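Got a structure for you, written out below as structure tokens; questions coming shortly.
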Amino acid sequence: MATLTDSRKRELRRELETIVGPDAVLSDPDELLVYESDGLTLFRALADFVVFPTSTEHVSAVVKLANRERLPFVARGAGTGLSGGCLPAEGGVVISLMRMNRVLEVDYDNQLAVVEPGLVNLHLSWKVGPRGYYYAPDPSSQQACTIGGNIANNSGGPHTLKYGVTTNHVLGLQVVMPDGEIVWLGGRTRDAQGYDLAGVFVGSEGTFGIATKIVVRILKKPQAVKTVLAVFDQIDRASAAVSAVIARGLVPAAMEMIDHLTIQAVEDAFNCGYPRDADAALLIELDGLAVGMEGQLERIVEACRDAGARETRTAKSESERQLLWKGRKSAFGAYGRVSPAYMVMDGVIPRTKLPYVLSRVNEIVAAHGLRVGNVFHAGDGNLHPNILYDPRKPGEEERVVAAGAEIMKVCAEVGGSISGEHGIGLEKSDFMPFIFSAADLTLMQRLKNAFNPTGLCNPGKIFPTKKSCVEVGPVAYRPHAIEEKGLAQRF
Amino acid sequence: MSTPTHTSAPAPAGVLNLHGLSVDGVNQCVHCGLCLAYCPTFSELGTEMDSPRGRIFTIKSLAEGRMSLTDSVAQHLSLCLDCRACETVCPAGVPYGRLIEAAKVEIERQQPGALPRRLFRWLNFGLLLGHPRLLRLAAAGARLYQTSGLQQLVRRSGLVKLLPGTLPAWEALLPSVPSKAERTPPPRTTLADGPRRARVAMLTGCIQAVVFGAHNRATARVLARNGCDVLVPEGQRCCGALNAHGGDHARALAMARQTIDAFEAVAADFVIVNVSGCGAHMKAYGHLLADDPAYAERAKRFAATVRDLAEFLAQEPLRGPLQPVTMTCTYHDPCHVVHGQKIKSEPRRLLAQIPGLRLVELPESDWCCGSAGIYNLTQPEMATRLLHRKVGHVLETSAEAVVTANPGCILQIQAGLGAHQSPVRVLHLVEILDRAYGGGE
Amino acid sequence: MPGALREKLSAAVGPANVLTGIELSPYVVEGRTPDAAVFPGSIDEVAAVVGLAANEGVPVTPWGGGAAASVGMPAARAGLVLGLRRMSRLLEHEPADLTATVEAGMTMGAFQAALGGRGQWMSLDPADADRATVGGVLATNAFGPRRHLYGAARDLLIGVTVVTADGAVVRGGGKVVKNVAGYDLPKLFVGSYGTLGVIVEATVKLRPLPDHEQLQAVRFERLKDTGVAVKAIMGSDLIPSAIELLDAAAASSAGLAADTPAGGAVLVVGFDGPREQVAWQCAELARILVPLGGQQTRTLEAEAWSRLAAAPGTARPATAAVMTFSVVPSLVAETMDRGAGIARARGLHSAWAAHAGVGAVRAVLASDAAPHEPAAIATVLGEWREMARAGGGHATLAWAPLAVKSRIPVWDDPGAAGRIMQRIKSQLDPGNILNPGRFIAGI
């Protein structure tokens, strides 16, 4: 991509201003610098412009302008992402959706809401809460992250265990396609016609277009909720408790693990009530009907005790419960108390492999001379090792990156995945071959070609940069198995 | 073109500072962004530069020399309300208030501005706030302006629009200054009613003393009814909070020393403050004067005795008998009470004890109303947007009165409700308590 | 079919697994006979077969149990039926991980039986479980009553292996319950009717089998009143596993309530979980429904589940067409009521059933006249479709004779999204050999 000349930049700025208005374009270097990172500061990249559309038509016009100029563009929400997914990796235009943050409609009869992408996740639950509803996907950053960003990353959260991730709650999307065309994918009904384009769009990390209206399901709040904290002197026992609960045929709404180091950080932050001397704690939540809940709770407590829990305590009030959750959900930020920077990993493994992988994680990080805090969705097997480091110390970042790659390899080796909810973005694109073959990536690239043939929409993400196998274009010839066996030949 | 890098962050090792003030706290920020949705300016604008995370990043970049203090950078930093809502939600414990104040000092140092601005600052920070007598004199002048009909003339004639810079906003907010009798300070000493609980000293404040003298007298009565010997130290002036928030560091230090001197003289158990900004600031004297060998220890000791009025009273049940105050009210949390001092449940617990009073929650009760010290004068546009938002929420509640605990909030919300011709009144918490004790003058 | 291709196919999968001639009769759809039916025994063999077909430009129709073989337009050109019945093993089941990996040709019934032996199930209950295969169910997005609580195939499929049109073996998703690495290929293949690739293996999320399950049937005098009843259930604290609504004709043919008056309806609600929760919910259900006109609440036997899944499929012997609708839940009762009226006005019979909470409505249309009058049938179907569209929904002609299909499109118009679907198809199957012409937007 050619660098824009100053005069060209001024002209384009004027053009962008005519689309979105003069107070909705940034091009001043100081202002652009503030947009150099998302929630993962390991990666930095500068845009030429940041624009703030307030309508689908604005977004479409900006995208068409970018196409005309062959400028890359990328949508950005709150910028709380943890994989560099909304960074302008190749310059161009950042399309901030923070001024499109309205709840457009709530249809309680059909238990759905139509929202704009810049709406803060939690604000939707606030909006429908008084009528007894909520929006189920609850990423830990839900107090700040936007639903548009959740769409891009197919975000999860603690309650994924019972309620599924973002994609399970999205019915339809109005999308500005990478060429600027405005299209509806899915709609208000449960099934769309033809291919499940909404399903394919969710989790495409902003490479298939920009969602400007989103139809999501809202759920009735459960009649009753019980939250238990199980405390362990050995983290392995906590891992065993996770399997023990599942083995008894119980599916809690959430089952979260918090290790010793993380407990220190969150206790420093908010005095949430986690015992500081524990090696690990499990935060387990049950929800549903009030009738019979005590019985289920007892079975969970029993499973934890049998697995070696030192103690279990049930939150006695809503405020006590909220405080435990505040600690859990603020954990990443709370690492600021114990370290100037961290890199959060996001691996997924089969639940049964938890003890093995956790010990491997600790070994790997220690071998690199670093510290790690673990706070994660144990019930889903979705690990979040947070490697702590000091970016001012020479060489630490490189060691963090190396340790991260090794951890990802371990997750892949046990049949897991390299991302459960944070996305691949820039961070993990080179790890994709750990779990996907060249053929897998080729098919993904073809799918991308169908949506984003020019590649201008959020370039540089997801696909590995080191190999040419994923370049746009016809797939290289590979012999079939039968050809190799000599059963057939190509002519 | 820039590309993502794995290179080391451009940060030198060692303590970061701006103009000699430590901003090392920026390193506690891990860029998680959990603060974003709680920042009033970010919520209004959606621009990262106007968010806590963006401002911390900016301050860090200034200290590291990655950014220079251009007009645009200064404007984004100045747009911060210093409401500290971000501190309340920050899991990393970034000392945001300290950082933004350091940044504002740096702005003043580098960009003192043109003569009228400097004159305005000197008049307010240097002269009026520091000299109670002059302030009273100015108040008398303001009252003359208002009662003589001159104010109406200026407003009607459109002359107000000719005032330079932010003065039109100043003029609109100019509180109706009460008469001299109403400005009477509380007695030097008020003895406890009933068994003695504590010996307390009261801050009467600078502007508070002039505009809301009645609140101070009510505070003394309510404290006495709750078993306090109430002393009003002589020689107290402004606590220096407005100077500190406005970037006037040197004078803020001098005022802090003077305040400590004045209160040490009466040797009270607690220093009670009924103005949120002052309370939060005085609790931070220990940090402010940490580098002053003569005052460092004294400042720490002093700060430990400072209590917000509600914080102090809510430690014990209100002493009876309490008369009914029949009204529906809602409570607005002043930023420097709820965020600056983390006091949220206390005022509500006090109100709940008053018979006949029904308290309804105010949506976004802990959001800044736009007053924020002198913010409504320096950033009238954003202040108006936030006031609009606040007034909208107040009107949603159908309350008859908004109760709060800070003169700035009272004036601001009053002005906002006035613009809507709303009959909803704005009261200081102590007015309600005083009424329950059959007080009033 | 060129003899050379047949030989190569025989070489690839073994001669016994290539059927031709009279043996093809089970694979005749709408009177069209394929060139051959091929039954590979492994993923490599599937890849080989597809690769051979791709080389020759011969169409391929993936075939599980044939349960949905007549959905959509028949292939424009004859070609190969690619049968997956030999690939029917349960490959992995780790109960503690709540996941299982299965070959696509295993029937749903066999799969559930194997899982059930270890206290778990795949929470999807489409009709015809003994015939429908896992691959077929996924490819056609089939579902049953319990979709209400447990979601559809898209919510359960976490990993998929497909053989694409160029004979490549591609894996999407994985074996873990949460995974956002790369594009969500499982979503792409669910409901794609074999037009993008042949599903050969699937990894799905499982759930523990509930301790107890119960079905409550409540009769209503008027179908119209049930809209309010369904809304009341959905707005309550109840957590039903199914909310089934059947009009009188469907209820009677499903043997649920033969005495339901014409114009009336039966609402069937399922609950599962610990026994005390099920009992509480059944009582609460009656408390909610009786004031709304619900009568004669009774408990159905467990065997009724499968009849609900199939309803109203066998409502009339002289079925002329089956249409499925996706509408918002609040319009389900109205859709059924108005739809029946539209048919009556044209002198035709209809029977209606719905998974009411998810807005999935199914109707059969029948005529006493023999042979049916395709034009009249098509007219009613067209009006039904318009009715669904007017409410923001859509309708698919799930089954009809070719004479009807030639008058009214099987699939509704997907609008601008259709162009994206066409682009996906041409990217993934540029030679257009996988089920050509069968699906939406000419795909």
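Letters A, B and C name the chains as they come in the text, with residue numbers starting at 1 for each one.
Convention: contacts are C-beta pairs under 8 Å (C-beta built on N, C-alpha and C of every residue); 3 or more make two chains touch, one makes a residue touch a chain.
Computed from a predicted structure; not experimentally measured.
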| item | value |
| --- | --- |
| Chain whose Cα centroid lies at the greatest distance from that of subunit B | C |
| Central chain (distance from its CA mean to the mean of all protein CA atoms) | A |
| Euclidean distance of C-alpha centroids - subunit A vs subunit C, Å | 31 |
| Separation of mean Cα positions, subunit B and subunit A [Å, integer] | 39 |
| Approximate Å spacing (C-alpha centroids) for the pair subunit B, subunit C | 64 |
| Subunit A-touching residues of subunit B, taken from the complex the two chains share | 1-9, 11-13, 27-38, 46-49, 54, 57-58, 61, 66-68, 70, 72-73, 76, 89-94 |
| Touching residues on subunit C, where the partner in the complex is subunit A | 8, 11-12, 44, 47-48, 51-52, 55, 94-99, 119, 141, 151-152, 154-155, 164, 166-172, 174-185, 187-188, 190-192, 196, 207-209, 211, 231, 234-235, 237, 239, 273-274, 276-277, 280-281, 326-330, 358-360, 392-394, 396, 411-412, 414-418, 420-421, 423-424, 426-428, 439-441, 443 |
| Touch list for subunit A against partner subunit C, complex | 107-112, 153-154, 156, 160, 164-165, 167-168, 177, 181, 183-185, 187-197, 199-200, 202-204, 220, 223, 243, 246-247, 249-251, 288-289, 291-292, 295-296, 348-352, 377, 380-382, 415-424, 428, 432, 435-437, 439-444, 446-451, 462, 475, 478, 480-483, 487-488, 490 |
| Residue ranges of subunit A in contact with subunit B within the complex | 1, 3, 26, 28, 30-31, 33-46, 52, 78-80, 84, 87, 89-91, 96, 98-99, 101, 118, 120, 122-123, 141, 143-145, 265-266, 268-270, 330-337, 339-342, 391-394, 397-398, 401, 426, 460 |
